[in-house]
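Chain naming follows the written order as A, B, C and D, and within any one chain the residues start at number 1.
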């Protein structure tokens, strides 16, 4: 059944568990063999019946055969997903997109907010010999999540998980991108991976790429189809859903729109 | 390519060789891996572009990877096929239909006219230990064909190939069904197989089945779709294209229409 | 409680909601009996005309590589009179007699032929896309539709269904006209006018050039027609077009159909398809706790 | 001799006969450049309106299990003015600007916005099946079609194409009206109105309920439309609908199309599909000994 599944066709799944990560972020767990095995960086199109369909990175689950979405409540659609209760149904299609090229050795993972989702899955792929630094950025203390999870996933590795908050209410004070600059300055990482607000990704890519360090970012854009038809997710000549979501620092540094513009629902370029 | 071929979709092939069997019967040879390997009894729907599409038993070819149709020129359509020249193209789809259940031991094959086509393919499946009798019925001497071919295919077997003509101009004189009656009377065959005019099949089935001998006939009916949609090939509650073309004597003896009626192009029952 | 998959289409009662569509295997009473035993809730006959028709020469059916069939059988049929004689012995099978013609009198005459037969309903084929002067050319003419429907309704007490399709006049207009003229139910849809060309020989494949597309490709189109009709009119609907699984059947019920018909699926899955779909519907009803088909008809319009 | 796959659609000259259809990846000049490099002979923009439109909420695109897509993007677009600014730098890519609107003045205004842009042609979208007041609702009104076509023809020297589809008025009538009003070419067809319902949640999947079916399921329908138009009228035709292989492309040429457009095939085979089809056409022409596309246009009508 699952082998034959047309991954573009919407499959209905039932939410089995809801975890409150912060007052505005929840993880919704469901059973699905296909989604439980996606590659780090891959996403699904998630249908909240009667409300909307949104692209969501596929979150890992402790239990095999299960997967999750970790959603921050924001506008109408994400709030709709945030409010889905145990036993209720959502539709999923995918997985879509490429995935991170995980280097060996000294790794730096940088995530902000729900941008941590692909980072957590990436952590399940590191080798025991990798030395991993995770930087988590948040506005304030009560927006911090996945710190414990990151530590747990890295139990067998040389690692550090460092949190920074803009207001200093937890961990280091300041923007996580300042921490990035500091770390790439002092360590020649074998790979840097980032997902979060575009400005965070832009600065991280700059910090690493300008020093010749391999860096990849997982981009977000307005997505309608997820399959390379509608064009809504374009960044320069790239289509995020089809060519990405993961792009190399080299490629991004040549893209005219990355870090500067995104398109709104009508397709009009807007500044970040 | 051929493995993925949708067998209901028309494939165009080029006629490579035309063999005159009699003044009114020709064999047209073409290359096609799928058709070269069909089971005895199976047929194809053959498109003569601009003219018609006809069901045709798939004839064997000496060369591997090739198949053929042996057509008697009759009405407009079969004459159209008869007139196809080397280098010209026809369309084929299939193979369709079931095939003969070949018993071991003493076998009797009865064929008339182009009804010999499935019999020739059946001969390529007999085992060296089988003792095979082939009865060929024809109106007169110049309508006899495939006698040499049958002998050649049976080189390694205990066998006899006997021709009867209605006018006695060649072989035995009389109807082949009289020969059938004679042979099933004197020999307890392990299997009797017949294809030809319905009356020949009807009598053959009667002769064998009434004596408890396993017998199968390959029926012909008006065919439009070949796939069990249009209904034009029905005989009683059977659809020849889908349930047949090969039926057991037991089944046929219970069928109200076999040997008595067939349907014309409008679907009206007509007597044989 | 075991769900009951019986259904009513207005005045028509069926034990099972999946019927054989017109033109599919539909020329012999023996075959009808076999299909009924295989799970069909009713069989619709090949569309019958006043006189026997030979139809078009082959090729009359083409299998589309991506799925579905294009046919231009040309409404070959033995004529109403011959057909009526053939089905006279019928006792068990709910037979819906499909009729095709150019003028009201054609239909009136044919209905008379069937007066000694057990006929569950008549289905007026107003929508064959590839035969001149009948089918869609009739369905596209509202005045004619009105006259034909009224004439047939006046000639018989047996329920009368109109079968519509995508023609040159908007099918919703035809539906409206048929309803105003007293029709009992609507079957939607017939095949969609289509074509295939062979690139090697550079000619249309079907002898008639144009044919009607059926099977999976037209399912999303047929489904929207059922939804449109049931959103606009209060009339029992029989959904038809590309149905091949129980999920498809449920989609049509949710869109507003009281029963369904299928044809092309037989070419792909043979006649086991009837019971596969019946069983799937049953399972679904059990899961959703429905005791009757009726409970799910049109539910998708509520959202 | 290497065959030449250049083609003319009336006054429009293209180096390659396969274009990107409107609404597919069609909102960014950078992407247009990339598609042109990938083998597209021209790109048609997303249909543009006088004002920016957000379109419908998601889900806007649904993948049909048996093949094809149903979309109700709702003509989201940045508006003609924004779009014209974006493509002003264009030098290389043959861009066909698709326009959508309700009244002749909408079109007149939009054409003005593009006066400083290199525009190969305008394509008037008279056939979007799922947005009220524009698209098909315009195409279905012959008087309006006449006015819009005449107005646009009077506003520009750039060739003007009308894109038609299956609506409530017969599309051949729309084609006739457009031709009488001076149109230079016809694109046939747009998506076909369709629907999908989720049986678990029992609701239409697309936020707009109805959408347009595209991709392989509609190919046989689109092909017959091209054949019908070219049999009835003497007008250059661009075939569109379900084309995904070079054989499909050839079928459309043989039916009478001078060029083709594709969209959905990109969702299945990504943008390599352009050169795959270009190469297939080339091979076919070599085998059949054609030196120009023109030689095969409409050949299937001769048989």
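Observations
We take it that a contact is a pair of C-beta atoms (placed from the backbone, for glycine too) under 8 Å apart; a residue touches a chain by one contact, two chains touch by 3 or more.
Bear in mind that the values here come from a model prediction, so they are computed numbers and not experimental data.
Under the contact definition, chain A and chain C share the contacting chains D.
Greatest Cα centroid separation from chain A: this falls to B. Mean C-alpha position of chain A lies 66 Å from that of chain B. The centroid of the Cα atoms in chain B and the matching centroid in chain C are 36 Å apart. Centres computed as Cα averages put chain C at a distance of 33 Å from chain D. Residue positions of chain C with contacts to 2 or more other chains are 64, 201, 203, 303. Counting partner chains per residue, chain A shows two or more touched chains at residues 49-50. In terms of which chains touch, the assembly is arranged as an unbranched chain of neighbours. Applying the touch definition to all chain combinations yields A-D, B-C, C-D. Interface residues of chain C, counted against chain B in their complex, comprise 23-28, 30-31, 33-34, 46, 52-55, 57-65, 69, 71, 73, 76-79, 82, 86, 198, 200-201, 203, 205, 207, 263-264, 266-267, 270-271. By the touch rule above, chain C contacts chain D in their complex via residues 64, 66-68, 70, 166, 168-170, 172, 192-197, 199, 201-204, 209-210, 213, 216-221, 223-224, 227, 242, 247, 250-251, 254-255, 284, 296, 299-300, 303. Of all residues in chain A, only 6, 8-10, 12, 45, 47, 49-54, 77, 89, 91, 93, 224-232, 234, 236-237, 239, 242, 256, 263-269 touch chain D in the complex they form.
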